[in-house]
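One chain, subunit A, links the two complexes that follow: it is found with subunit B in the first and with subunit C in the second.
Then we have the complex of A and B:
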């Protein structure tokens, strides 16, 4: 029996087909969000089913999550990213207590109880300074591709201090740092630390291990280490972190009757 | 009795004419709701309302206040603007026959109701009151364009521990030629060891010296009101005013208890927010406000008796902290599967009875110091915790008001206190005067809160 989860995020659409009996991921797909999320999600979903020799009736339940979830009217139901990320992470790390999700436009810190249920959560989707958007801005400003940011940060010897709490002003600050002779490596590492600081601050004192890092930003090397330094705790990157929300949606789909 | 439901403005209009054909009896401010949209309150078209005639009267009372104020002016009554005053000077005003208290701060909802078409924020910004201040700055715009309410004969404003933003706004009004009488509210400190203190209605304690200080401040207000009306305010007149205020608060307390403890929500959170707001200054008409509230109570008693309501029985019980700048958000919580079971809209002390067993001026001074906003945040959090337990809430929403100085730091402290004491999920949202552009973000938070609570309830 197969269920499906679609995560219509702010940067990309991710789909996971999940085999309930075997408790394994059956297939995945991803594409950019574009301007017509509903059409793109539908096309991606149809293609994924076709590529795997499945008809629509083979999918027991289809759950949408993410920023654009309410636009996907071909899905059976919607579940928030909070519940889906928690479910997705718990599939891989069953004793996870803290889930940190940093996506393209928002970040979340989810606390999970010993019973595996979400206990509480905090969320930032009003300020880009704590999200992947900050990395996109620095990537454009320094003319370094996103996937090269991590290796560059690793070469940093003295991460620059980014004091601005706003991406727009931080960009101005980066220009000033470049003019002052700071290396790109130090600036990137400084931005990573700044994102980590905002995420950790969101959680206050109540951040307990095991900490699992998920979302698209977890793919960028250096971010995990930035979080670890601030938390003074080991941070585990969730396998296939970009798909955690869609995976959680497909797992939770099993609980919904169509 | 018709089946309780939440209906749109247009559905209400269709229903209104049907009810009128059936002999609907209304107060002088009655009528179909759409007339308020025609006069500019376009936000109403995006809200859902309770379908009872009692709720219709509540909305009409709220939305016709400016007409009543204009009528008072024509009839030669004095209008006193009681600013940054959550239920103290209005009680004094209630004790005079020819004086009515008006709460200009209420204009903070005008940008929401009129969807910013009236330009009040722009007017306020022109005199230096920009978005770094709370939306109450809309009031300053209404003083400038004089299109929303008659300029009161007197302006009385509290200052000190009550609200920094408001003092800034009222000071600017004074500079523009609207004289303001100020009275000081001190920060409610913990009484020192050995110092005499009194227990306040909210359960807090205040040093007797602070009560006496506030009493002296209120004496200044009293003299001003006496001069303006040409009548002396005797202790017995003030006691009578306090009894009237308490009568209103008792009806409201009964209403809150029934609605917040009922198994099925008998009415929506929007109507409850408005009902609670009436306690501040009775919407400039004590008698009518009391009648409206009593009729609403009768409706709710009947619904609770029959076990019927406007939301499903599995709606999650949420405690709501701070008022919202956009009324639409209260509907949104219900669309997400929640219901409000308990509230602290920054004027909890205006819901408590004023002591009747003490000298009335002292009783009012005590009521002032009972204000949760004038003491430590921990005091406020404790009161909230008590109400959360009393009403059996399962989660908490803390709604921040952009620019409001109290909200900037109190929300996090209250949230942390609630989490630690109850273990229940708390979510913070920030609600501007029009939330349409960020509705998906608010919706996600509210839906996630509801999901979290529902999942936790599953065995």
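Then we have the complex of A and C:
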């Protein structure tokens, strides 16, 4: 029996088909979000089924999650990304206690109880400074591609101090740092530390291991280390972190009857 | 995802309680206030639940609540006030500086208290336009001198009204006003307490709508009675599968109901509101046993558990009790951006929720709808957590 999860995020649409009996991922697909999320998601889903020789009836339940979840009216139900990320992470790391999810415009910290249920969560408010958006801004401003940020940060000797509470002002701050002769390496490391600080601060003092890091930003090298330094705890990157939400949705789909 | 029968248009209820006299509350109050003014009664604006409406009524005045719930009034207020201030303060002031609140324009006098710093300083600016009486509210409610001081402030208020309106306020007149206010509180309390049962009778939005910015209007009291009867007939007629929410924190005044709406659209049933637009001011009546009505008033109002008090242990006791009595399945705390006292106090509220194993969510926002989708996401996730905790 196969279920499906679609994560309509702020940057990309991700789909996971999940084999319930075998408890394994059956197939995945991803595409950019584009302007018409609903049409793109539908096309991506249809193609994925076709490529795998599946008809629509072969999918028992289809769950939508992510920022655009309510737009995908061809899905059976919606579940928030908070529950989905927790479920997705637990599939890989069954004893995860803290889930840190940093995406394109959100960052979340989810605490999971011993019973595998979400105990409590916090999210960034109106500001994007603690999210992936901040890394994009730096990458554009310094003209260094996203995937080269990590190696650059590793060369930093004194991460710059970035204190702005808002992405727009932080960008001004970066311009000031550049003008003051700071190296790109120190600025990148400073930005990564600032994102990590923002995320850790949301959780207060109550962050218990095992800590699992997920979301698109987990793929950017240097971020895991920045979190580890602040938490003084090992941080595990969730396998295929960009798919955690969709995976969780497909797993939770098994619990909803259509 | 959730099937919920208890949304804004409470399907438990017959049409007769969905259509209520309170649908045209502002119009009703406008008409009432204008008639009163023609009859020579002064309109007196109040902005906080610490003001004893009874004294104003005994002086022949009409107390009207002037708290602002409109986002539109915030920008004009920011010409004079800092952006970081609580939206409730800014909106109230915005009405004042744009001269757009008919009740404020009609007011002969404003009554204010020393509650939070933001209000206190805003009142100074507001006092440039209207005469204002500021009552000094002690903030350590259980300190030995607190009650004496509050009582002397209320006595000062009474003689101020006597001089200003050139009439003697007799004790008998105060007792009569107390009786009216106690009756109104009792009726509103009965209405709110109907939600102790499962399924609840009213949505949070309905309860918010079933009140008036002017107290003691006969037709309103009649309407409360009608709604109580109506709710009693409709009760329990439908299966309910939503999450029972205890909402606490700042008041959601007329026009600022957005968060309650978001919660109820996301599958929550706001069964109880522990705030100044909910049950908080209704929990205690003015005692009719005392020999001095002023002492009875001082005692009731001094006990109001607002976060400006320190320590505000009464609120925490009440929260525990309400969570229990209303069978709450989660606690949502609303804090207006810039409201330091409720923001800090949320520390204890979270603790209580954890002690009671109730999922807890704190929302810090203002009147602008720009974060509605983000709030909805968090509320939906809380509902999922609460439902899974039951499962």
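Definition applied: the second predicted complex is superposed on the first by the 257 of 258 C-alpha atoms of A that agree within 3 Å, B and C clash if a C-alpha of one lies under 4 Å from a C-alpha of the other, contacts with A are read in each partner's own complex, and residues count from 1 in each chain.
Simple rule for what comes next: a contact is a pair of C-beta atoms (placed from the backbone, for glycine too) under 8 Å apart; a residue touches a chain by one contact, two chains touch by 3 or more.
Quick caveat: nothing in here was measured; it's all calculated off a predicted structure.
Visitor: What does the overlay on subunit A give for subunit B and subunit C, a clash or a fit?
Guide: After superposition on subunit A, which the two structures share, subunit B runs into subunit C.
Visitor: Regarding the shared-chain residue A:229, is it in contact with subunit B (first), subunit C (second), both, or neither?
Guide: neither
Visitor: Touch test for A:92: subunit B only (first), subunit C only (second), both, or neither?
Guide: neither
Visitor: In the overlay, answer first, second, both or neither for which of subunit B and subunit C A:206 touches.
Guide: After superposition on chain A, A:206 lies in contact with subunit B alone.
Visitor: What is the contact status of A:118 with respect to subunit B (first) and subunit C (second): first, second, both, or neither?
Guide: In the superposition, A:118 contacts both subunit B and subunit C.
Visitor: I'd like to know which partner A:77 touches here: subunit B for first, subunit C for second, both or neither.
Guide: second
Visitor: After overlaying the two complexes on chain A, where does the subunit B footprint on subunit A coincide with the subunit C footprint?
Guide: Touching subunit B in the first complex and subunit C in the second, residues 67, 78-83, 117-121, 123, 125-126 of subunit A appear in both lists.
Visitor: Would you pull the subunit A residues touching subunit B in the complex into a rising list?
Guide: Contacts found on subunit A: 67, 70, 78-83, 113, 117-123, 125-126, 204, 206.
Visitor: Per the contact definition, I'd like the list of subunit B residues that touch subunit A in the complex.
Guide: 412, 416, 419, 423, 425-428, 430, 438, 440-441, 443-445, 447-448, 451-452, 455-456, 458
Visitor: State the interface residues of subunit C toward subunit A in the complex, per the touch definition above.
Guide: Of all residues in subunit C, those touching subunit A are 1, 359-360, 364, 370-371, 373-374, 377-378, 380-381, 384-385, 388-389.
Visitor: Please name which positions on subunit A make contact with subunit C in the complex.
Guide: 67, 77-83, 117-121, 123, 125-126, 256
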